[in-house]
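Would you mind keeping the following structure in view while I ask a few things?
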Amino acid sequence: MSTVINDNTVALMAIRVREEHPMIHHITNSVVMNFTANITLAMGAAPVMAPSITESAEMAGYAGALLLNIGTINPELLESMLAAGKAANEKNIPIILDPVGAGATGLRTNAIATLLSELNISVIRGNAGEILSLAGTTGGIRGVDSLVSGSGKENIFMGFARETGIVTAVSGETDFITDGTNWIKVCNGNPLMGSVTGTGCGATTAAACFAASGTPLLQSVAAGIACYNIAGEIASGICRGPGSFVPEFIDQLANLTGETILNKLRIETNL
Amino acid sequence: MSTVINDNTVALMAIRVREEHPMIHHITNSVVMNFTANITLAMGAAPVMAPSITESAEMAGYAGALLLNIGTINPELLESMLAAGKAANEKNIPIILDPVGAGATGLRTNAIATLLSELNISVIRGNAGEILSLAGTTGGIRGVDSLVSGSGKENIFMGFARETGIVTAVSGETDFITDGTNWIKVCNGNPLMGSVTGTGCGATTAAACFAASGTPLLQSVAAGIACYNIAGEIASGICRGPGSFVPEFIDQLANLTGETILNKLRIETNL
Amino acid sequence: MSTVINDNTVALMAIRVREEHPMIHHITNSVVMNFTANITLAMGAAPVMAPSITESAEMAGYAGALLLNIGTINPELLESMLAAGKAANEKNIPIILDPVGAGATGLRTNAIATLLSELNISVIRGNAGEILSLAGTTGGIRGVDSLVSGSGKENIFMGFARETGIVTAVSGETDFITDGTNWIKVCNGNPLMGSVTGTGCGATTAAACFAASGTPLLQSVAAGIACYNIAGEIASGICRGPGSFVPEFIDQLANLTGETILNKLRIETNL
């Protein structure tokens, strides 16, 4: 794949996901299982959710990507994530981590620390508060969300990606995706998406679907999030509120064409 | 807050929820997690669902209200509810209990008895059968649902609220909310709401969102249920069945204005 | 009930479900709980989901049918299914099994083997790959999905039903339902249904709703799946994608009339 990212390469990656139909194994929170399974299908990939430790590693071995989401984590589910993650690492299957609520409780802080130390994570996607909390955990700068300017935050995100070697995607008004050296900003999206539960988790699913089908990961993760946000942007302009957003969004994602991507994509990059 | 309840005070409470954006910690059943998270957001509050005992108490400490719903209860989840509830009680965070299926099985009867004896519950919301079962458990009049007239039931509900000190909200064609001395009847709503799973649990969420933002609890719980039922009433008149009801309902709830509340509210009270 | 199946008998069975309003106890996967609860309500039955082993057997005793779905199975949930299943068997309550992902992992293979050996299962509904895997498990012909022709597969399905005494429903472009001697093909449906998570699980719910209200099981299961597929076929022609399919489908199912069944039903049978 080209290391360039533009409307053409994003459209080609979207087509590749539909052609390759990768299986995305989710070990995820119970609030968003149905929603993110339908997001996976709408992007042309195949969702599997097998949370029990008695099968999570075996199932991970068949996957194109493994998504770990700690939204309703507990100690047993963490063990299952570790087992599945080790199986994925052995087969070089990319692991995409969504650190929901990072920093909010000791359980979450410890769960993320364990996952980062025991597994080779390829991609992390979260909001600014979550990623800043992670950066603080590893670099001693906890709780800086309100203290740091926009470009200051981007430097922290790049530092975190560089130190950990993890492609880091930060959602917000503009999404910022970086591998520590290069970065891509996705300007598509709509604030209404924040009024619907699971839209953050769904962005992680989008990243996983594209990560399963293409490298380099920086470009594929940004492309997945861009397609997701374009569909959300279009749906936000059509729906009448957060309730009608959900079916409209999934329709737009399922019906997203290369032409729409060419017309709508708004990205910036230093590539 | 005024102890009066009318269209103006209900509209003001709805605005206050959107301004204060309280966090509602749900430990709830797995069937309705997604639906009630979206209800919470549509009312302007912030949902959190952290069911593991390893973090439920810590998370409860940050909440504006703690909602406990026993729809898919098990012994471990009950322990987590108790831990979260004790943390909430220590910080005077109101606890709202939804006794789903009360009286149906020994597990549920015992779970409710344990929650009522170990925790200081502020509000209970259920249907008539569930609340009559609770009243029977504490007062020896089990199984009276079909035997008792409408006003006879209301006396039982008031007696239960008076004996326990718990604001009690009973859903039905008319919703009856009482603190044992005073009562408010909410006449808004539509029978179609009964054809959608989780609409009862969602009413408990509505009560919790408003309980987090205002006292006295009798008025705030009634106001939350009234707004919820107004949105359901409007959505029922627009949708084509229980499937299209869901997105329409969440839209109406998210877009509910003070003006609509003034036009639609139908309550009776002895206040 | 007549042993004939035609548009009239299917319409009569649909009416009977609405009149009898049977309770369908689901022990099912966490991805589809909300969706299949709403499917149950839309068909006129009453969903209950009580997964904990501390109440699953007690609740099963009140049910018109018990549905077991292994989509997110784990060892504790399997024990709960066995307890509920034994209670159902004692009261001659039909058990409907959905062997999600049969053959994919050792956990699933073992879970199905245990359920089949310990319980008297009345109905199994799955896709061709799942049922072929089951047939292979009991008959030594594992992994034949791509090797066998259409009529070859039907012979395997009939053999499986005959050997086990279980009414077997196989979803696909045409659904094939057999008791080992007789068969019914349901030609209704639309490929779009495969783009929505849980539509297979929902077909099992449809089978359970009708199995609770009528015998012979071959006819009632086929009738339930036919009504389900007719609603899906109509919804697919109206919606704009897999997102808007969901509310439209549930509306169509809830509003399905005898007249629509008479106009739309397309079945073949050797009865």
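Before moving on, here are some points about what is shown:
Letters A, B and C mark the chains in the order given here, with residues in each chain numbered from 1 onward.
We adopt the following convention: a residue touches a chain if its C-beta (ideal position, glycine included) is under 8 Å from a C-beta of that chain, and two chains touch if they have at least 3 such contacts.
If you're wondering where the values come from, they're calculated on a predicted model, not measured in any experiment.
Rotation relating subunit A to subunit B, from a C-alpha superposition: 120°, rounded in steps of 5.
Homomeric contact subunit A/subunit C: same residue numbering on both sides for under half of the interface positions. Our note on geometry: subunit A versus subunit C, Cα centroid distance of 34 Å, whole angstroms. The set of subunit B residues that touch two or more partner chains comprises 30, 34, 246-247. Across the complex, subunit C meets subunit B through its residues 30, 33-34, 37-38, 41-42, 47-55, 58-59, 62, 246-255. Against subunit A, the residues of subunit C that register as touching in their complex are 29-32, 34-35, 71-75, 101, 104-108, 195-198, 239-247.
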